[in-house]
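Remarks on the structure that follows.
Labels for the chains are A, B, C and D, by order of writing; each one numbers its residues from 1.
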Amino acid sequence: MLTTEQTIMWMEKMSIKVQENKEYLTSLDQAIGDGDHGINLSRGFSEVVSKISATNYNSSSDVLKDVAMTLMSKVGGASGPLYGTAFLKLSMALNEKESTFETFTTGVDEALNGIIMRGKAQPGEKTMVDVWSPVVKLFKETNEFNSDKLKDVAREAAEATKDVKATKGRASYLGDRSIGHIDSGSMSSYYLFEALAEVLSEGAK
Amino acid sequence: MKKIINDPNKVVMDMLKGIELASPDRLKVVPDTTVIARKDAPVANKVALISGGGSGHEPAHAGYVGPGMLDAAVAGEVFTSPTPDQILEAIKAVHGGSGVFLIIKNYTGDVMNFEMAAELAEAEGIEVEKVVVNDDVAVENSSFTTGRRGIAGTIFVHKIAGTKAESGGSLAEVKAVAEKVNMNVRSMGMALSPCTVPAAGKPSFVLNENEMEIGIGIHGEPGIERKNITTADEIATELTKRILDDIDYTGSEVAVMVNGLGATPEMELYIVNAKVHSILADKGIKVYKTFVGEYMTSLEMAGCSISILKLDDELKDLLNAKSQASAFRV
Amino acid sequence: MKKIINDPNKVVMDMLKGIELASPDRLKVVPDTTVIARKDAPVANKVALISGGGSGHEPAHAGYVGPGMLDAAVAGEVFTSPTPDQILEAIKAVHGGSGVFLIIKNYTGDVMNFEMAAELAEAEGIEVEKVVVNDDVAVENSSFTTGRRGIAGTIFVHKIAGTKAESGGSLAEVKAVAEKVNMNVRSMGMALSPCTVPAAGKPSFVLNENEMEIGIGIHGEPGIERKNITTADEIATELTKRILDDIDYTGSEVAVMVNGLGATPEMELYIVNAKVHSILADKGIKVYKTFVGEYMTSLEMAGCSISILKLDDELKDLLNAKSQASAFRV
Amino acid sequence: MLTTEQTIMWMEKMSIKVQENKEYLTSLDQAIGDGDHGINLSRGFSEVVSKISATNYNSSSDVLKDVAMTLMSKVGGASGPLYGTAFLKLSMALNEKESTFETFTTGVDEALNGIIMRGKAQPGEKTMVDVWSPVVKLFKETNEFNSDKLKDVAREAAEATKDVKATKGRASYLGDRSIGHIDSGSMSSYYLFEALAEVLSEGAK
């Protein structure tokens, strides 16, 4: 489903989205966290882009492995290990397999499991899990890739974190005062899936 | 944003250079890393102590590197936990054959990054143990949530575990005494003004002229409650009460730390200290040792935290021993 | 005004209480005065050193009281020189039979009040000598005006003269070495923001978001020039240049102090330090010792000062000796 | 010329003026100094008033001696020793002498000399000397007390410090930037002579 080239385009698109929304992501994190999420991901994804544009790849899996390692060593904070783990699991799931909708579905599922394993958050705790989890559900419930649906599900899920009280991550320290603000990691996860949707729908044209 | 910096994205590297140049006889930056280590690291046959976290908390953590305290401090970006590879570099740089002990403050990011580094080090055959410090009573200690944060009380862990290691304690002994400090220390903070992460360029929150935040962390996060600003005595009373409600200190001896968050004049910290002492005296709690100053800051935030550590003879001896770290005098 | 205080008119008394309670084994407040003295004062047959001035410069001056530095510090109201009677109390409390040495910063008020106290002490038969420190190159050194101010370079005088006295130096010898330090130390400061005297309730001046003041003193006075804020490197270059223009340090060894004025994160001070070192290295000036931190503050002013002291073997030895004052580590 | 009672009234009036103008004096000192002059004098003169209202006096000289000692030990800064010295010299000049216009003239002259001896400022350096010196001149040039003249001379002298560049006191650090602001100690000296003028003209009624 996802060619090596498309994987690279996915990461480039994600990087552009993160740079464009750096201040917005940071302001979301300032409201209920420590105000570095946009800065962290902007640093991380520019490193990702320089890394993968300087390397030749034979598979999606190899690209995603470098993405994982780069995020792990350049982002830090909570989102670094979480995104790093997610991409590592996705890379592993796609390794030496044909990239089909099914293998990709397994991949995002394992990525979500990786995030949960590392971060110990369940859905409903106002973390990026709240976006990854309905996205995985969508993949599992459908049998072909639908760009528009993916975008809608991810965006709605990210926006829905606004009404949730955080019990994991830094926002949890605020208790009820965390209600009324979108979770920054959920918003960046939405950008990630939006980028994927855009890459694949362009490819479809 | 008004800061004396060159490039908001290079503050950590610039700072590390300045730290190394300030103490060339005592400290070194491990080449191509963000690790500050004892000049004489690795120290053979000593348990090596590593702490760290995001930058912006200076003198934490590089100020606590030195004989009797830490072997290395790992600096992340401002308010961002360092990455596993950097922590691994620190572990390799200070490992002297008797194992490495990690002092982690309880934040999701710090815990994950340090644990990943520990896994990597163990894969290379280095024995690693850790303590996750969670002294901040502003946050409820629940196993369903992230739990309490680690704030200024962490410095007591550096000192006491550090002295234990320096005096020949094993990895297990160092861990045991670190856990004991963590069990017996509680902290709580407040702020009069926010701080600005250099790369963010604007303050993390806004407080009106008459407002303060109670239960603030050390990363510019809002606190747990916003209130009208009151007197130093009332502030000291509220913070101390929250701490005393959490453990029973009656009849015990304690160490007190009144910590400035960055922009608070030392004068104000001493005014708070006077009240804390009078509250403790009223309750029959004896102050064995007091620390007033900037130990764990949050950039240029105005505000303070109070930490109280319940002591026994072992902790007293370890706290009292001389240390040569630049930011901690006994 | 946002401050952690009780009563703007009682900040000094409240602070002194907090200082004494923090170090009951090392310091004492001389009863019914604003004098903080070594617990063991008077020390027999040692020249006694006294410094002081207005409050609001903490850790100056109480933080420098201790073996190897000062015998007493006299605290005035915020930014207001203490009165002759209080200084006289300090003299009487620490006089150990070998004379008393006063370290005065060159401000009209400080000089007059300390000199009046010296006259009163001499009338009581106590031998008193003094040095008037004037290290601030921001102000022209003219005999027609008030002349240069005393700022952070004063701490070097405390340390070096203090160690001279501790090691048995006579009053004349202590004075000689204090004068030598004063001759060889130069400082200059800058600010990003003003400070607020508690009893005044509003800031001493207003700076726009893009402005800084160069050549600032330590009392919230405006500086000598208002400019657009630049990088840390440019700030360090400008301050260092003014200092190096004033004495020729070529080929000599120096001690460097990068001093925070109150609200500046230590991170920024280290960034400045890195540049100062590179400037000095370029000029072939060797840095023997570096001090980075808050040594002489101006309440919650954001900004820093740089001090450079030209050293010879005598000054190196005296600077290097251990001191037990809480705010000065060697 | 000045009875014991009038001396006490003089100090009480001065204290009221200082309290009323505390913020103004402080703001003058903030502009070109360290912003404590109003605070310093307010502290000093309230102590003066409590001291003299709790004591019985037989002479102006005794009152003024207590004023001097109180200011010396409660004010600090530059103005404490200067006003302290001034009142001490005035007290000494009036000691055991009949209080006539001549003895008082000698007294203010010696007070001025005391200020100059302590502070080493000459007229024209933008300090309180710039008020004391024309006031002394006025006393010397006339042979009876003239309230209105005294007020005028003192006020004009204080206001004239605005155009002067400071070469003594803290304002001297500002160099040319000290021009355009009235000297705080000159203003407080004006209040002192205004208070004297008011007490004596009330007495005259």
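Assume a residue touches a chain if its C-beta (ideal position, glycine included) is under 8 Å from a C-beta of that chain, and two chains touch if they have at least 3 such contacts.
All values reported here derive from a predicted model rather than from experimental measurement.
Participant: Please compute the C-alpha centroid of subunit C, do the same for subunit D, then give the distance between them in whole Å.
Facilitator: A distance of 32 Å separates the two centres.
Participant: Between subunit A and subunit C, what is the separation of their C-alpha centroids in Å?
Facilitator: Distance between chain centres, rounded to whole Å: 54 Å.
Participant: Could you tell me the distance, in whole angstrom, between the mean C-alpha positions of subunit A and subunit D?
Facilitator: Here the centre of subunit D sits 74 Å away from the centre of subunit A.
Participant: Which word fits how the chains touch one another: line, ring, star, complete or other?
Facilitator: Topology of touching chains reads as a line.
Participant: What are all the touching pairs of chains?
Facilitator: A-B, B-C, C-D
Participant: Can you tell me which positions in subunit D touch subunit C when the two form their complex?
Facilitator: By the definition above, subunit D touches subunit C via 26, 30-36, 38-40, 43, 72-82, 118-119, 167-170, 172-175, 177.
Participant: Under the stated contact criterion, what part of subunit B meets subunit C in this complex?
Facilitator: Against subunit C, the touching part of subunit B is residues 2-6, 11, 14-19, 21-23, 55-56, 58-59, 63, 192-193, 209, 212, 229, 231-233, 235, 262-274, 277, 287, 290-292, 294, 297, 299-300, 302-304, 326, 329.
Participant: Residue numbers of subunit C touching subunit D in their complex, please.
Facilitator: 9, 54, 76-86, 107-109, 112-113, 116, 138-139, 144-146, 149, 197, 199-200, 202, 204-205, 217, 219-222, 224
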